[in-house]
Amino acid sequence: MKLKGLVLALAMAFLVSACSTEPESVKIGAVLSATGPASFLGEPEKNTMQMLQEEINAKGGVLGKKLEIVIYDDETDVNKCVLAAKKLLDKDGVVAVAGPSVSGNTLAIIKFFEEAKIPLVSCAASEKIVTPVNAWVFNTPQLDRHAVTRIMLDAKAKGLNNIAIITVSNGFGQSGRAVLQELLPPNGFNLVADEVYGPKDTDMTAQLTKIKAAGADAIICWGTNPGPAVVARNRVQLGIDTPLYMSHGVASKKFIELAGPAAEGIMLPAGRLIVADQIPDDNPQKPLLLSYAKAYTEKYNAPVSTFGGHGWDSIKLIVEAINMGKSAKPADIRDNLEKIKGFVGTGGVFNYSPENHNGLDENAFVMVVIKDGDWKIMD
Amino acid sequence: MQGLKKDLLLTGAFLSALCLAPWVLPSGYYLTVLIMCCLNAMTVVGLNLLLGYAGQISLGHAAFYGLAAYTTAILTTTLGLPVALGMLAGVGLAALVAFVIGIPTLKLSGNYLAMATLGFGVIVYIFLNETVGLTGGPSGFTGIPRLNAAGLTLSSDRSYYYLTAAVLCAVVLLSLNLIRSRLGRALRALHTSEKAAQAVGIDIARYKLFIFVLSAAFAGAAGVLYAHYLTFIAPSSFGFLFSVELLVMVVLGGMASVWGSVTGAFFLTALPEFLRMFENVEIIIYGAILILCMMFLPRGLAGGVSSLAVRLRGRARPGEDDHAS
Amino acid sequence: MDSASLLQFLISGLTVGSTYGLTALGFTIIFNTTGIINFAQGEFVMLGGMLSVFFMRIAGLDEASAIVLAVAAVTLAGALIERFTIRPVKDASIINLIIITIGVSIFIRGLAMLAWGKDTFALPPFSGDAPIALFGAVVMPQSIWVLAISLLILSGLKAFFSGTIYGKGMLACAQDKKAAYLVGISVERMVLLSFMISGLVGAVGGAILAPITLTSFDVGVILGLKGFAACILGGLGNPFGAAAGGLILGVLESFGAGLLSSAYKDAFAFIILLLLLFVRPSGLFGTREAKRV
């Protein structure tokens, strides 16, 4: 009886949701990893997009119509992501899609967008998404290449030549590892150790003991919470005082909280969002970063992260393209995205072109150091 | 012969229903859901032969699915071989690996067998994840070509769906036939009592191995079809959680019931799509549905349907229940 | 590789291994009484850690009372799970009951995600985080806590099973349910008790490990997997084997990462486990007759 009731309720809810359509709106889709291993990306992205939808509609919407953002959660799962993308394209009839949050999922759905001729503005960072350039696919995060370049500049200046890397064995770590392996040797660095840890590992002592024995001048760790926090803790426990660089993947307050005192002195390249109050007043990003951080913190009672910023950039870029061409036709949005120049976003200043669908360079990053439990811009 | 006729009729009806589905549900989204359902159903039918009939558990079938997918991906994309050849090689490799692994592994029983197959799955997953040069590593393998057999490219989702549905029906028919054969009877004997089966001269080890290899081949078939449908694969789709999910589909559908397996696979594959609107609560509802189904339908969805049928007919015909398959 | 590094690998392996061992112990208790592999065991460990964090932060308790409260809550959760999902269908086949525990684990994970979000949390270590030097290697005070409490739990369980009437009753259920019932043992109560003790052991593990391993709503999955592997490695049904299996698995991983390749360390541990099973089909310390045909 209980079961029957449940099934009935499900069926009803499904019918109701299937029937509600509002014609007079501009519909943008989003597939995000709001749950699952990459929820640290997807959740702030989702929150940001919902916030943007209210904000834009309060100011009169897009082209005089209501903006509607249809958000689906892919649970950080490739198959669910494909299904969600299909639903957006075939059933919801969106004019453009923002997301997915992770690179693998983005790569899995690219071809559907090519077939459907709908633009996709991904929140995932992999270079494979935008090289070679696919006419219908863009992305907003800074590339790993830019982050590594910033770290190398800093290490070179400090005379640190023997580098050990420790990367997480998921998509984020793999792509970082590939870039590190590619860029470090030709720029005069020796790669003295190349260690890997699993995304759910809770102890990296063995890897760090090996790195200690390899005689590195600096360690670069590429991962997202909680792994790097464990690396930071284990490093202090083992009494290693080799300088430690992290990736932009830990640029959230959560990392400092998890690593505790072990976070002190760790350096990383990060988007300006987390140090918005420290950047010079003449920086074009400053007003935007401060207002976004304030609005987000007030609405969700949670610290702002650069990841949510990728969501902001994706939606705003699509809306900008719609406004530029005064058209919400997918093909026009695509054409106008390529014409966007000097667009101030949370991740940096975007300059898209037919050859460049990422639009950022290494200036999107600043090097920050963790001091007294907070971020500090290095100079 | 009565059984064969009934099976042919049922499978034919099922195939027609599958073929009609795209007209009733015109959006491409439903097609994708149905393709995923068919692929999982293939694997689950094979796994049920192993679990429900041969009484051997496997928590490593995601690995066979993944191995086959990667084999055809590498052969057709990296080496540029024809897709049909890659698909055959994928299924072949899954079967071969099952054969090699099966010989020592199937000597174990119960939870130890579960662990051994689980361990095998984890090992395969790690190799898929770490041999970046070959597999593309955790961020996945891109650019797999679509199937083009006999000169025509099955590039549209609809034609690919018909292919998948046809393969599923072939798998179902083959399994139903197998169960009715001498081998099927031997398997049931084996499940009831290994010792007794051995005593009447059944070569237990060989039968177990045969079913293990066959179920791996079914998983492999699903794997190659998956790879060429999505044209993108990543190791995370073939982890141990997927193996567990397949096992849940078998039991939820109904042990030792081919149609139960099909039902279980379709139900659990499509369920998350219906629960999408519940967002964060989705996983809780999914867990609750799983618990309730297992508590109130101890013989699975197939068992539930057949007892309902019996009840509707107004008189108990216990003999009918066992024919649910 | 110098001896200090080797010692460091051993220490780190034992620390990680105790997380597996503690999870494995919980598996063993329920398995012994019911024959069920409880897939929600990892969730007990997760709840132990997350509830401790929750009681400390939200309710503002000190660490010790937060942990005691968390352990009590998880013990109660164990009882509720048995009462509402296992007892009503106690005559169902083992595989059905196992699938129910899978459902329970998904359900609990979902609740935890809804209640506490998807972030990772840390508990402060019990007695500071100043490392102790030992022949060139270092040991964290928390690791010593973990090893000591694990030993305490192990000996406590041993005393319980061999010295108390309840413990003996539970062992009797494991041997033969019908016979146990016939001699007047309340099988239902024993099963309930086994879920409660499992919850308790898992929660203690979760709470004492959280300062080292950090905790989040989804740590249970991997702990369940490794804990099950530890059980099998040591021989299913033997609490000592489960604990030893956990430690061995941890040490294998740590040496695999240190001496061979950190990328393949888990594969290395599982390959050894498989090879061992082929030679000894019922694990290292398995007491049961393996059905080898």
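Letters A, B and C name the chains as they come in the text, with residue numbers starting at 1 for each one.
Here is the rule we use: a contact is a pair of C-beta atoms (placed from the backbone, for glycine too) under 8 Å apart; a residue touches a chain by one contact, two chains touch by 3 or more.
Computed from a predicted model, the values in this text were never measured in an experiment.
S.K.: Could you let me know which interface, B-C or A-C, is made of more C-beta pairs in contact?
M.R.: B-C
S.K.: Hey, which chain ends up farthest from chain B, C-alpha centres compared?
M.R.: Here the answer is chain A, farthest from chain B.
S.K.: Can you work out the whole-Å distance between the CA centroids of chain A and chain C?
M.R.: Comparing mean C-alpha positions, chain C is 35 Å from chain A.
S.K.: For chain B and chain C, let me know how many angstrom lie between their CA-based centres, rounded off.
M.R.: About 31 Å separates the centre of chain B from that of chain C.
S.K.: Quick one: which residues in chain B touch 2 or more of the other chains?
M.R.: In chain B, residues 130, 280, 282-283, 289 touch at least two other chains, as defined above.
S.K.: Can you list the residues of chain C that touch 2 or more other chains?
M.R.: 113, 221, 263, 266
S.K.: Pull out every residue in chain A that's touching 2 or more other chains.
M.R.: 35, 169, 196
S.K.: With touch defined as at the start, can you tell me which chain C residues reach chain B in the complex?
M.R.: Residues 37, 39, 85, 88-89, 92-93, 95-96, 99-100, 102-111, 113-114, 221, 225, 228-229, 232, 236, 263-264, 266-267, 270-271, 273-274, 277-278, 281-283, 290-293 of chain C touch chain B in their complex.
S.K.: Note which residues of chain B are touching chain A in the complex, please.
M.R.: Going by the criterion above, the answer is residues 27-29, 32-33, 36, 129-130, 132, 137-140, 142, 230-234, 236-237, 272-277, 279-280, 282-283, 289, 292-293, 296.
S.K.: Taking the touch rule as given, give the residues of chain B at its contact with chain C in the complex, in rising order.
M.R.: 51, 57, 104-105, 107-112, 114-116, 118-120, 122-123, 126-127, 130, 194, 198, 204-205, 240-241, 244, 247-248, 251-252, 255, 280-284, 286-291, 294-295, 298
S.K.: Inside the complex, what are the residues of chain A that reach chain C?
M.R.: Per the stated touch rule, the residues are 35, 37, 39-40, 43, 169, 195-198, 200, 202-203, 205-207, 209-210, 212-213, 225-226, 229-230, 233, 237-239, 254, 257-258, 260-261.
S.K.: Can you name the residues of chain A that touch chain B in the complex?
M.R.: Residues of chain A touching chain B: 2-3, 6, 10, 13-14, 17, 34-35, 72-73, 76-80, 82-84, 86-87, 89-91, 103-104, 107-108, 111, 126, 128, 169-171, 173-175, 178, 196.
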